[in-house]
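The letters A, B, C and D name the chains in turn, as written, and every chain counts its residues from 1.
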Amino acid sequence: MSKKIKKIGVFTSGGDSPGMNAAIRSVVRTCAFHNIECVGIYRGYEGMIEGDFKPMDARSVKGIINKGGTVLKSARSLEFMTPEGRKKAHQHLLDANIDGLVAIGGDGTFTGAMIFNEEFDFPVMGIPGTIDNDIFGTSHTLGYDTALNTVVEAIDKIRDTASSHNRLFFIEVMGRDAGHIALNVGIGAGAEEILIPEEDLGLERLLESLRRSKQSGKSSSIVIVAEGDKIGKNVFELKDYVEENMIEYDVRVSVLGHMQRGGSPSCFDRVLASRMGVKAVESLLDGKTNLMVGLLSDKIAVTPLDQAVKGKSEINMELLRVSDIMST
Amino acid sequence: MSKKIKKIGVFTSGGDSPGMNAAIRSVVRTCAFHNIECVGIYRGYEGMIEGDFKPMDARSVKGIINKGGTVLKSARSLEFMTPEGRKKAHQHLLDANIDGLVAIGGDGTFTGAMIFNEEFDFPVMGIPGTIDNDIFGTSHTLGYDTALNTVVEAIDKIRDTASSHNRLFFIEVMGRDAGHIALNVGIGAGAEEILIPEEDLGLERLLESLRRSKQSGKSSSIVIVAEGDKIGKNVFELKDYVEENMIEYDVRVSVLGHMQRGGSPSCFDRVLASRMGVKAVESLLDGKTNLMVGLLSDKIAVTPLDQAVKGKSEINMELLRVSDIMST
Amino acid sequence: MSKKIKKIGVFTSGGDSPGMNAAIRSVVRTCAFHNIECVGIYRGYEGMIEGDFKPMDARSVKGIINKGGTVLKSARSLEFMTPEGRKKAHQHLLDANIDGLVAIGGDGTFTGAMIFNEEFDFPVMGIPGTIDNDIFGTSHTLGYDTALNTVVEAIDKIRDTASSHNRLFFIEVMGRDAGHIALNVGIGAGAEEILIPEEDLGLERLLESLRRSKQSGKSSSIVIVAEGDKIGKNVFELKDYVEENMIEYDVRVSVLGHMQRGGSPSCFDRVLASRMGVKAVESLLDGKTNLMVGLLSDKIAVTPLDQAVKGKSEINMELLRVSDIMST
Amino acid sequence: MSKKIKKIGVFTSGGDSPGMNAAIRSVVRTCAFHNIECVGIYRGYEGMIEGDFKPMDARSVKGIINKGGTVLKSARSLEFMTPEGRKKAHQHLLDANIDGLVAIGGDGTFTGAMIFNEEFDFPVMGIPGTIDNDIFGTSHTLGYDTALNTVVEAIDKIRDTASSHNRLFFIEVMGRDAGHIALNVGIGAGAEEILIPEEDLGLERLLESLRRSKQSGKSSSIVIVAEGDKIGKNVFELKDYVEENMIEYDVRVSVLGHMQRGGSPSCFDRVLASRMGVKAVESLLDGKTNLMVGLLSDKIAVTPLDQAVKGKSEINMELLRVSDIMST
């Protein structure tokens, strides 16, 4: 049986996302609420290996709930992939009397946490923080809702200029393996077509669709392209292809880039982060380990970390149909 | 058996909310997709009584998905509460060959629709549009998510000045019968206390909580008050009461007011509106009636209108606990 | 002749405004650039009296340029109005080897600085920080541009609901002594009428104007009321008066309140704060004192503090005429 | 002597910018105020050649003051560069009884207007609408202030992720011929270096500056690059160059692109547009022609169109110095 946890370490790892600070704050305050200590670990596994720790009390996380990024910073650690690296990290945790970990990040972060748990029987809980929403076991990852709003606001601005000039825009949004962002912002921003990794529309059907929309009287159009779409061309090649095969449109490209990862979290992400932090800490206190906290059917739930890593977050096929109907 | 619907009327009624335009657009485009006609009815039941109609094709709803308010306008109609008023409305619908209705609004709107259906056997579907989220049968009403973001952004600004001056702010947010907004923005904005209609904290416990927070080292505090809270004092009386009983704080009041109802809808509300519009129209085409489209466990579902009106949208008690822990 | 300044103290006083942090950052970094020391003084004159100081180097102001409020906090100090209070403050400055001051605030702040200078021959420079823009010697005070954007964005949201319901809204904006905010947001938000302290429109003419606008086909209207307007009624009394004398409108009131003071500063305010901070520090280094840094004809300029305090920042009468024409 | 103007045509041409709609509204309402007619000309000179006109009354411009883009649409017209094209345009104006023009756009727009005036003695007034602020005779072009805010908000988001990961970002902003945007957002967003067309920093000095900032303890840095900078490398080549010559940084690139042109105009741009529209129309009514309306020292002023086109809008060298000091 697990012994009672007395000091929890919290860290962020992998790509940052809005809501990570709110999750850190929640972990710290939940520890304070239960009268146990909390330690911030800087730069993810890298700081764990270096012993880059800082004690955090309830007041230390004041004023961060609405800040993007992560006050604990993030990094990808090659050294943690080696047994020696993990041994150093473990020793630093022991030295600091840390006896439980809350890891905020994505698949890579959780894989590291599972290996660490296996090797040292160290209690770990995961909180899914990534804008891509590509993690099994939660309907929403931290930062996803914020990123959707950031992207639709950017596209609304591009729409202003697109419709003033009767232009066709290809807009690349984040999502290397998953089309969640593309699909939702495509509907939200009223896009003509949405190209996602999960579905190969095909170049010919894209052209057809654009021609049809032109004929139906639309003067400007927006096509959303997920980074990882499978159409076989990047967004600039798509532009060239369409320009060669359709003379009617003035075509432009916009790659939204890293601004999608930042910004003040939405109310949804702040509340979700707060709920997840509470559950992660209380799960450790209940003797649980190797679980990821998620949102399922609007309720906080846990999923074994290995399932979270192995499972696939499926896109909602209903949305593809809604998108088709909306671009009538 | 119901005859095949060929022309749908759509209207907005009651208080407006962000996402209503996106829902109108979705109803119109879904009609176009299924090759049936769509007619916009202005100012809710008022315009129905006056025959204030306008045919809407797919292009007519261009550029409205991101606009707050409702292009069809809204109103409360006393005349529709009379049999004579409803008879006039029915005649106008018959004259215009409208044989199905999509009503976007809240409880009052749905009650009107049910009576109308009962009297004239007229097919009606409801879409819940209100920022208050106080409707049974959907986890989210249209505009609720947008309002949450509008409110936390406003409170973030107030927080800047509160913490610069070590002040205590009472902030009144919308929600006459339901504390959904107050509870979520309270967590999202890091409020010290949240006063909602569903729970009576009591004045003495409020003072205690504020004193405790002051002692714990907090230099400024925010208390969220739902319009309909049960503490027995309005937000200005609360200020006076606290000032009389606690000398340490400079207390201020802010009533956020109608700005909470407007603004460009969030991505979530735009997608939800698009999905709901599709379901409402296709339900009519399937011969259904007297149902409200809602979101339940992230899926589009329908609930009988009478249940939607009679049922109560319960607040999530887990959030009250999270709020308590977060204000540690 | 003045001796060479070696250590500058910087503080914020009076009501906070967006851009104060950017100004603090600029003062600190300009000191670092010139290799002199800089000390932050907390809570304005109050902290000066208590010796609540903190050394600030270039890195200490990282990440604050885009934050509303003031990291040095602000307060109004009764004790500084007494000779004893000022004597204590002076002693603390001497003890800390501070030999020059940059005061960021408004009229009250500058008056305090002048008295302090007179009594102790202590070099002082002022930077105008207030959203009201009511200071002579600068076309723009810090925070004014940000507040204008905050207010028009709020009114845009109210407009959504006003035009959905054919309502008349009275919106109270900040500006106790000056109509700058009201006049600009009135034009920027397309208001029907603007009531400012500098001009008494008269109740009868207000009614006439509203009737005329109703007749001209406007379905909703917005009237901006500056806090300090001279029409003799507050915004709620105005509502009652108009409702009694005009039956056609459903009238509502919104008091925007303290959210107007907060928020991330606009680019304009960040750049202005940066320029003002440089000029304030370099003026002290040049042996100057008792001056306020301002923006005049787009150029950084200085004005004697006593003129800044005594002078009146006139509103631009051209804007009143533009407003009249725009509400045609 | 010029005959009295009775009907004014207004159009937008060239790249769109936020505030164009507010300017159109102002032109239309000022005409209504003076009881003269106003006609909207679609797609700039292209629509003039085709006679694509629409009468506009005061109510027709309702609800557009806060919209980005241009309701009259914009285009670049090759045909207007030919005498035949201009002859057609002139005939359409005569047929419609239009006897004065207000042209909203940039250098190309004004050049077209001057040639047209010369050939047909047709009264024309110009309003400078472009986000680049690269027009002589006005301190601010329409849309410039809005673009500054759009860009700093985007960079604030990128800063979140940059500082979470200790990264160096090269961010390309608009400005093919002028560094106004780059210089101001560079200061406003706290950039380490700003590369603009007006000044060639040199690659070696850029490296030095980045090394120095790294040594001074900065963990992340942002370099703003104007589209038209003269350093001889595009933003992606810059990234490669820096990565080859500095190992300490993880370098990323972001090209902000067309979102910079859109969005709801700032209060400043709305007020400026309103003032400019009044002046443009009243100048025509006063018998003036071939002038551009501008803002000089906060006052509305006019400049001959040929000077506006030939002159150069100089950047403020003070800002370069402020930027250097701020990156201490």
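Worth pointing out:
The definition used in the following text is that contacts are C-beta pairs under 8 Å (C-beta built on N, C-alpha and C of every residue); 3 or more make two chains touch, one makes a residue touch a chain.
Because the structure is predicted, anything quoted here is derived from the model rather than measured.
The minimal number of chain-to-chain contact steps leading from chain B to chain D is 2.
For B-C, the equivalent interface within A-B, A-D or C-D is the one where over half of the contact pairs agree by residue number, namely A-D. Chain A and chain D, compared by their mean Cα positions, are separated by 35 Å. Each chain gets one centre point, the mean of its Cα atoms, and the points for chain A and chain B are 28 Å apart.
One simple way to say how far apart two chains are is to compare their mean CA positions; for chain A and chain C this gives 39 Å. Multi-chain contact residues, meaning those touching two or more other chains, occur in chain D at positions 156, 159, 163. The touch graph of these protein chains is a ring, one cycle where each chain has exactly two neighbours. Against chain B, the residues of chain C that register as touching in their complex are 12, 15-16, 18, 20, 67-70, 73-75, 150, 154-166, 169, 252-263.
Considering their complex, residues 25-26, 29-30, 32-33, 58-59, 62-63, 65-66, 139, 145, 148-149, 151-153, 156, 159, 163, 184-185, 187-190, 216-218, 264, 266-268, 270-271, 274-275, 278, 297-300, 316, 318-319, 321-322, 324-326, 328 of chain C touch chain D.
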